[in-house]
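Sharing a structure, written as structure tokens. Questions coming.
Letters A, B, C, D, E and F mark the chains in the order given here, with residues in each chain numbered from 1 onward.
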Amino acid sequence: MTPNLVYVVIVGVLFAAGVAMLLERSLTRVLMGMILLGNGVNLLILLGGKAGAPPIVGAANEADMADPLPQIMILTAIVITLGMTAFLLALAYRSWAVDGHDEVQDDVEDRRIMRLAETDQGSGTEDDR
Amino acid sequence: MLAILLLHALAALIAPVLIRFIGNRALYLLALVPASAAGWAVLNPGSVAATYRWVPHLDMDLALRSGPLPWLMLLIVGGVGAVVLAYCASYFPPGDPGLGRFAAVFLGFAGAMTGLVLSDDLLLLYVFWELTTVFSYLLIGHKPEQAAGRRAAMQALVVTTAGGLAMLAGFVILGHGAGTYRWSEIAESPLPAGSTTAAVLILAGALSKSAVFPFSFWLPAAMAAPTPASAYLHAASMVKAGVFLVGLLGPALAVTPAWQPVTVAAGAVTLLLGGWAALRQHDLKLLLAYGTVSQLGLLTVAFGAGSRAAALAGVALLLAHALFKATLFLVVGVVDKLTGTRDLRELSGLGRRMPALAVVAGLAVASMAGVPPLAGFVGKETLFAAFEHDPLILAALLAGSVLTVAYGLRFLWGTFATKPAMDTTAAPRPPLALAGPAAVLALAGLAVGVGAPALDRALTPYVNLWTGTTGHLALWHGLGLPVLLSVVVLLGGAGIFVAQHRGLRVPEQRLPTADGVYRRVMAAIDRAAVEVTGATQRGSLPFSLGAILLVLVMMGATTLLLSGFRPGGIRLWDTPLQLVAGVVVVAAALIAARARRRLTAMILVGVCGYGVAVLFVLHGAPDLALTQFLVETVTIVMFVLVLRRLPRRFSERPLRGTRWIRMAVAVATGAVTSAMAYVAVSGRLAVPVSVGFPGPAVAFGGGHNVVNVALVDIRAWDTMGEISVLVVAATGVASLIYQRSAALQRRRAEQTVPARTGPSRQAGWLLAGESHESIILQVVARLLFHTIVLFSVYLLFSGHNAPGGGFAGGLVAGLALTIRYLAGGRRELNAAAPVDAGLVLGTGLLIAVGTGAAALVAGGQVLQSALVDVTLPLIGHVHFATSACFDVGVYLIVVGLVLEILRSLGGELDRQHAAAETSDAPTERREKELV
Amino acid sequence: MTVIAVLVTSLLALGAGLALIRVVRGPSILDRVVATDVLLAVVVMAIAAEAAFSRDATGLPILVVLSILGFTGAVSVARFTAAPAPARADETTAPRGRR
Amino acid sequence: MTWLVPLPVVMPLIGAALTLMMAGRPRAQRTVSLTVLTATVLVSAALLGLTTTGGSMVVTVGGWAAPLGIVLVADQLAALMLVVSSTMTVCVLVYSIGQGMADGHEETPLSVYHPTYLVLTAGVTNAFLAGDLFNLYVGFEILLVASYVLLTLGGTENRIRAGITYVVVSLLSSVIFLTAIGLVYAATGTLTMAHLVERLDALPDGLRLMLQGMLLLAFGIKAAVFPLSSWLPDSYPTAPAPVTAVFAGLLTKVGVYAIIRTETLLFPGGRAAVVLLILALLTMVVGILGAVAQSDIKRLLSFTLVSHIGFLLFGVGLTTRLGLSSAIFYVVHHITIQTTLFLATGLIEKRGGSTALDRLGGLARLSPVLAVLFLVPALNLAGIPPFSGFIGKLGLVQAGAADGGVLAWLLIAGGLATSLLTLYAVARVWNLAFWRVPHASTPARSPLPPLMVGSTLALVALGVGLTAVAGPLFEIGDQAAGGLLERSGYVEAVFGATR
Amino acid sequence: MSAVLDVVAAACLVAGAILSLSAGVGLVRFPDLLSRMHAATKPQVLGLLLVLLGCGLRLRDVVDVTTLILVAVFQMATAPVAAHMIGRAGYRAGMARTDLLVTDELAPAGDRVSG
Amino acid sequence: MRGLRGRWRDRAVAAAGLTVIWALLWGSFTPLTMLGGALVAVVVLTVFPLPPVTYAGRVHPLGVLRFAWRFVRDLVVASAQVSALAFRFGHVPRSAVIAVPLRVPSDLGLTLTAEALSLVPGSLIVEADRESGVLYVHVLGVRDAAGAERFRRDVLDLERRIVHAFGSPAERRAIKEPPT
């Protein structure tokens, strides 16, 4: 198959933009990055199937039809993304309600150990009491 | 033999129960268990083997084999074990809550030790080996309140396990090379490749177990264990395991180059250092512990030297040491129990108060010192004889023996002597139950000495496994060098004792103490752990994601380079309209990534989604476009519902410093993904399987819309999974927003309130009234609502032949509800859909999955569909696929999802916000503010 | 018809481009919403026009959906974001959480 | 008897539907959940028996033969995984009922627990049975979304924080998985794994390596392979004990299962074996060092979880029959033991009021039962013989020795060192939490609910029982490994299956 | 007949497209939100109707024509609502530029108005 | 008291209307379609009960035609005007917010008037006061007070046309009375 350049470029841009947002701290931004990535993946899947007439038997010649299988995968992915978006939004809201912001926080324990590492200390869990 | 092991296991399990019911006397009963092992050995002096399958694939079976050396060990393990258990009955106070546990672990240990000496399969041997380590750990920590005791237990555990693991690696090398793990078979065939490495690794295990230099330090620390346990584990049995292994494997492995130098050197050093350290101890138990270390070194030298005579001496000393050292520990136990101290500086005049005990101890020390006619003498004589022609080793042995005599005397003097300027220590007479077991062991030492020739005969088969000069066990070898040396040793030892008594200070050895090494190693591991963890576990989500993406980029780039792909061809587009839509998508995405305000970003992401929907249309995917438009719309509504509560702008970025890194990762990810897509598409040769879809879709699926038929029939299993995802997502939204059962119950009560009846102009037929609700929107919403729902049903049923289907239909119906909610808030929503979302979701899932299960019940495959064609009078031809039922389930689930979203993110957030605004009842948020 | 198609496509693309500019420029959310609405209308026109040119009606359900539900997004934004005090108060009413 | 094959997925889903409709009636929900999951165990056991005696069982869903439709494939490996995982779910369910998690009191929100838990089970079983790459993705999604809900149950500050990390990383892994599937389809035009066998073989090496890399990456995140693992210790420990337990037991193993399946079936020949082995070594060592640095039992166990994934990869990376069968054995062991340990930790939390090591002490005296419930699986985890952890590891060491390469020996060394440090880590927990004098905050009396103790005890016994049945279990693992290496059997079973 | 219909259809399509372009131009050019809304939301209604008409003239199938009629009706029912909601929100947010207003009869009544 | 009967009538009308829409969607008027449509309509109306609103009006075909014609004419003319404004560079159009008190302020009448007014370019409803029945309209291109007054009259004309097309007898009577 010969790839469609427009798709190739859009996929790249959607992935780049999505990743850029994903690497941020605000959960709503991360979520939007995920949505962009989702769109990018969908187009990537679409790229793997032939374009053509809608795959409706009778409305078009079978040979001219677009490949239906990527469409099925994408449909599933779109709907799953919807569910995930709803969940993440609820999560963002709860995060805001609990913390007063929707920022992704660093793990406290990990930070503690990083401080120990920076100050060249041990784990402090030796049995000495 | 297996029966003995099982008996031990059983006894260990019932010991706590038994002790709870009949008290300390139960120990006498339990002592019969190890005694039975010794008894079995007495009855079966020859070679006995038995094999039971366990894990044949790993060549690890319960292969047991008794031979001369195991036989002797069995006698020690069983005999001493029985005696010590009997001793424990009086040693522990009645009703000691820890006794049940102690007895269980003790018996477990005895069983493991028995198994260890009987194992023919090396892997099985390792199994028992590790078990003894664990039981030892638990016994050392019998009184775990002191940090020192716990640390000692840990030290013993770590050191012996480390050695054990090395040994395991050695076993695997041997076993893999030889093609079998049965020692009896390995020993009879030529050594496989890698045996030298194996030998070194095995020695690491053996020497660490026997506390030989440089692993000696754990044993003195292990004296935190109750004294009977020390007597058994750390004198008689467990520490002998390493020596036993050297003795067992030596006949075959001693030919490897490292074997003899390592064993002899390490043994000799241990002998001297241990003896030296023992001289400096004040705690009687520690004195004995260092003495044990020293003696283990001696044994290692004996078994490691690799000659018949030395091995014979080794066996004799092994037995002798077990007897006299266990005796001495039991004696210390008695003293400790009766006086409350083990410090020889606090003890005085005990010899007069406990003469019998003093005699017993004297007997044991004499054996240790090599005084005829005791077992120790027999062994040591033979040993001197074996090394007659090796002056260097002989000198070390002599020095060690001299030290042994010295600390032996120090022990006797320290325990029993009446010291000037000290009161006689107050103590009751030791009861027979305590002194008896010690006496038994001491007398056994005497018996062995006297019965040396018999022992010699019994051990001949073992000794013959070795090469070199043969020695003999006898009380009298004739006048020769050995006897002379014995005399020298006794005199030298006495001399040192006297000198020390007169004030000679024994300087502390300046060799690096291995204990320090252990501490440093563990501290280094701890530091390494902190450093590595601090470097790899940053606890930051962007870091975790960045790591994953970097791997993606590197992996993608590498494989792309490896693929050596030459661009074959490229098309710009299928239709130029794709470019138009593409520009919109790209622009929206790029600007969204830079947006500072949440809603702006959201709108741009939405535009991007609409653009993708247009691309779907252009691609020939109307079903996708339809769904995408609907999903984007629902998404925007959801975002608005949540974002209305959140700050308008994204918060200030704490990540500014890493901005360029993130940009680079983003661009690289995009580029690599594009390239991979390009390469993958270009690489396609075969025809896709989906060319086979259209025909069967009509013939068997009963629909013309291939995508929909695939969704509800050909790939309905995927769809079933997908709707489960939706169900759970909806549930999760409720879970996060409502949190508590009570809140959800309140909601249920609210939503079942019937819609207001009767038009009432004054109250308004609309529930509206708040300033942000619009009459125009409300009227239009109500006018359109049923039409939209009808349209959703149309989409549901037309979907089989045209764009549409359960997903699209459900989303449309959900949006109808959304419009009602937007118009009139949650009360309007409840009026429109007075039903619990969970019920809708459950019903939908039941219908969809039930359709699949029904096909199963009907004798088809799961989710198999049937076509129904009926011609009804007046009405016409009805064509129906049962998969439509499945689609109804899908429809309901999507409706349920949207309903749940509206109730939770819409209505409940309204309520929470209103409550927070108006009431002085503190909400959760306000409480947080105060904190 | 091809010429017409190209002409119509170009006009619609131009309209979409201008709308996109307003989406990007704002300045207010409502401006962006209005512009998005226009974009959506252009999409409807484009799909209808495409159906007209190719005489292929499979896209019509999409048109129904967009015509009856396309306003939902705009309404939800307008309803919740720019409404008076309660919903507009964002930074000020947001609780100060522990950082 | 192929009708049995879809049941491990269908039954929990029906249960989920019913429990959703029974919101607010915990007793009924409990009955349904227990019934359904017990039935799933029985069906799984039947499948294991049938596949062991009669070979793989294949169902063409909806009667659509491969490669058109979706196939569910129950071979020995899948059946074994089903048995183990469904057994875990039953025990954990009983435990959570004992804790009151499932009933609506204490920290328990709503009636979402049962339906979500059942869907989680369905996702896991679906992933094991999937014979279609995209369906595998769907299975993952099911179990993931259910896990998101369970992890954030109650919506407390810590769980939200941890939940965000977990959800976002998982979403990224899903995106990567989906991308991989898109690429695979673009290159081959098919999704049925049995069909991919032939079509992937026809692709040029570089392209195939790319597809393999993408799939490995996706599964590697789910399996928590270093350096893709840092999310796990930050997220698992905050969940309620039974949730953490079932996650630790099952979810990463589903990732490992996917790695085993795809590496053996789709990409045989060990092209990426070296990479796998290196990752295995790093995962073991970095993971266990992480455990050593921790001061909280749950976190410590999470790190051991990561670390021991390295053992599994070791077996897979060796690509030999012994390596695979040992990895399979080790999976069974690890699922059981890691689940047990997290449940025991839940009991520790219940008894001692905390899982932080500096707030615990004296538990051995305060609760001897608890001491046994922790110590036995802890030693098992550390690979102390004769427990199953040792047996699995022994298999891996033997397989490594058989390989004989430098890397293999490095891995043996790393594996043994990891064992030792695992022992050190759990022994430290024992020393501090069980042996030390009780902490001031430890309640003098705090009875443990019998259901919690009972279910944990059952799992402890099961873990010990693995030692007794190690021979037959290894035999099954060996046969399964044989089936994996002999691909044609799988392919023929799939294409030979008709309605 | 068919050719005539096609020509009419083409004219409708082009006219509709021009109106859509004018909406875009107005959107970019007009000074404040409310003016932009006039430009944006109104020509597109007519433009859309024209395009739908053109489409119907080309497709001619009963199913399609009835569908297009529904589309037109729905569009006319919903477009004003969106415009009203946005306009109202804009006005309330003070985005009507008072310097361009000849008169503002809502300002004094503003507080009393109920939905 | 026209409660119960009126509600049944409403339901019947709604069901009929939905059935027609169903037929339009399928583009077929066969018995199967109509019956199916009726069935679906009844189900939809049962599951989602109608809001308690009664439409008391009658549709007057002639009035409807008259209204439609004026509407289309206004639409075309006004669209052209606004488009022209858009392309007239350099000109900044002025506008006004005008209050129009309707004479028959039923919810439905108010909404229909607002809708029709909205669709005609150049006017935009910024507020609708339900209690007093006043529409506040933003009008583009108004230059002075006279223009505002002219616009107010136009709106009232529009209202009259709508009532003549769709209104109940009472409303038709009300609209004939001169504005107070």
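One rule holds in what follows: a contact is a pair of C-beta atoms (placed from the backbone, for glycine too) under 8 Å apart; a residue touches a chain by one contact, two chains touch by 3 or more.
No experiment lies behind these values; they were computed from the predicted model shown.
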Chains touching both chain B and chain D: A
Those chains which touch chain D and also touch chain C: A, B
Pair joined by the larger number of C-beta contacts - E-F, B-E: E-F
Reference chain F; chain at largest CA-centroid distance: B
Closest chain to global C-alpha mean, per-chain Cα centroids: D
Chain centre separation in whole Å, for chain C relative to chain A (CA means): 24
Distance from chain F to chain B - Cα centre to Cα centre, in angstrom: 73
Chain A-chain F separation of Cα centroids, rounded to whole Å: 45
Multi-partner residues of chain F (each touching 2 or more other chains): 21, 25-26, 114-115, 125, 128, 130
Junction residues of chain A - those touching two or more other chains: 1, 22, 30, 44, 47-49, 53-54, 56, 59, 69, 76, 80, 83-84, 87, 91, 94, 96, 98-101, 104, 107, 109-110, 113, 116, 123, 126-127, 129
Contacts with 2+ other chains: residues of chain C: 16-17, 33, 58, 61, 64, 68-70, 75, 77, 79, 81, 83-84, 94-98
All chain pairs that touch each other: A-B, A-C, A-D, B-C, B-D, B-E, B-F, C-E, E-F
Chain C-facing residues of chain E, complex: 6, 9-10, 13-14, 16-18, 20-21, 23-25, 27-28, 33, 36-37, 40-41, 44, 47-48, 51-52, 54-55, 57-59, 61, 63-64, 67-68, 70-72, 74-75, 77-79, 81-82, 85-86, 88-90, 92-93, 95
Sites on chain A touched by chain D in the complex: 1, 22, 27, 30, 34, 37-38, 41, 44-45, 47-49, 69-70, 73, 76-77, 80, 83-84, 87-88, 91, 94-95, 98-99, 104-105, 107, 109-110, 113, 116, 123-127, 129
Residue ranges of chain C in contact with chain E within the complex: 1, 4, 7-8, 11-12, 14-19, 21-22, 28, 30-31, 33-35, 37-38, 41-42, 44-45, 48-49, 51-53, 55, 57, 60-61, 63-64, 67-71, 74-75, 77-79, 81-84, 88
Interface residues, chain A side, partner chain B - complex: 1-26, 28-30, 32-33, 35-36, 39-40, 42-44, 46-59, 62, 65-69, 71-72, 74-76, 78-87, 89-94, 96-98, 100-104, 106-111, 113-114, 116-118, 120-123, 126-129
Sites on chain E touched by chain F in the complex: 18-19, 22-23, 25-26, 29-31, 34-35, 37-39, 41-43, 45-47, 61-67, 69-70, 76-77, 79-81, 83-84, 87-88, 90-91, 96, 100-107, 109, 112-115
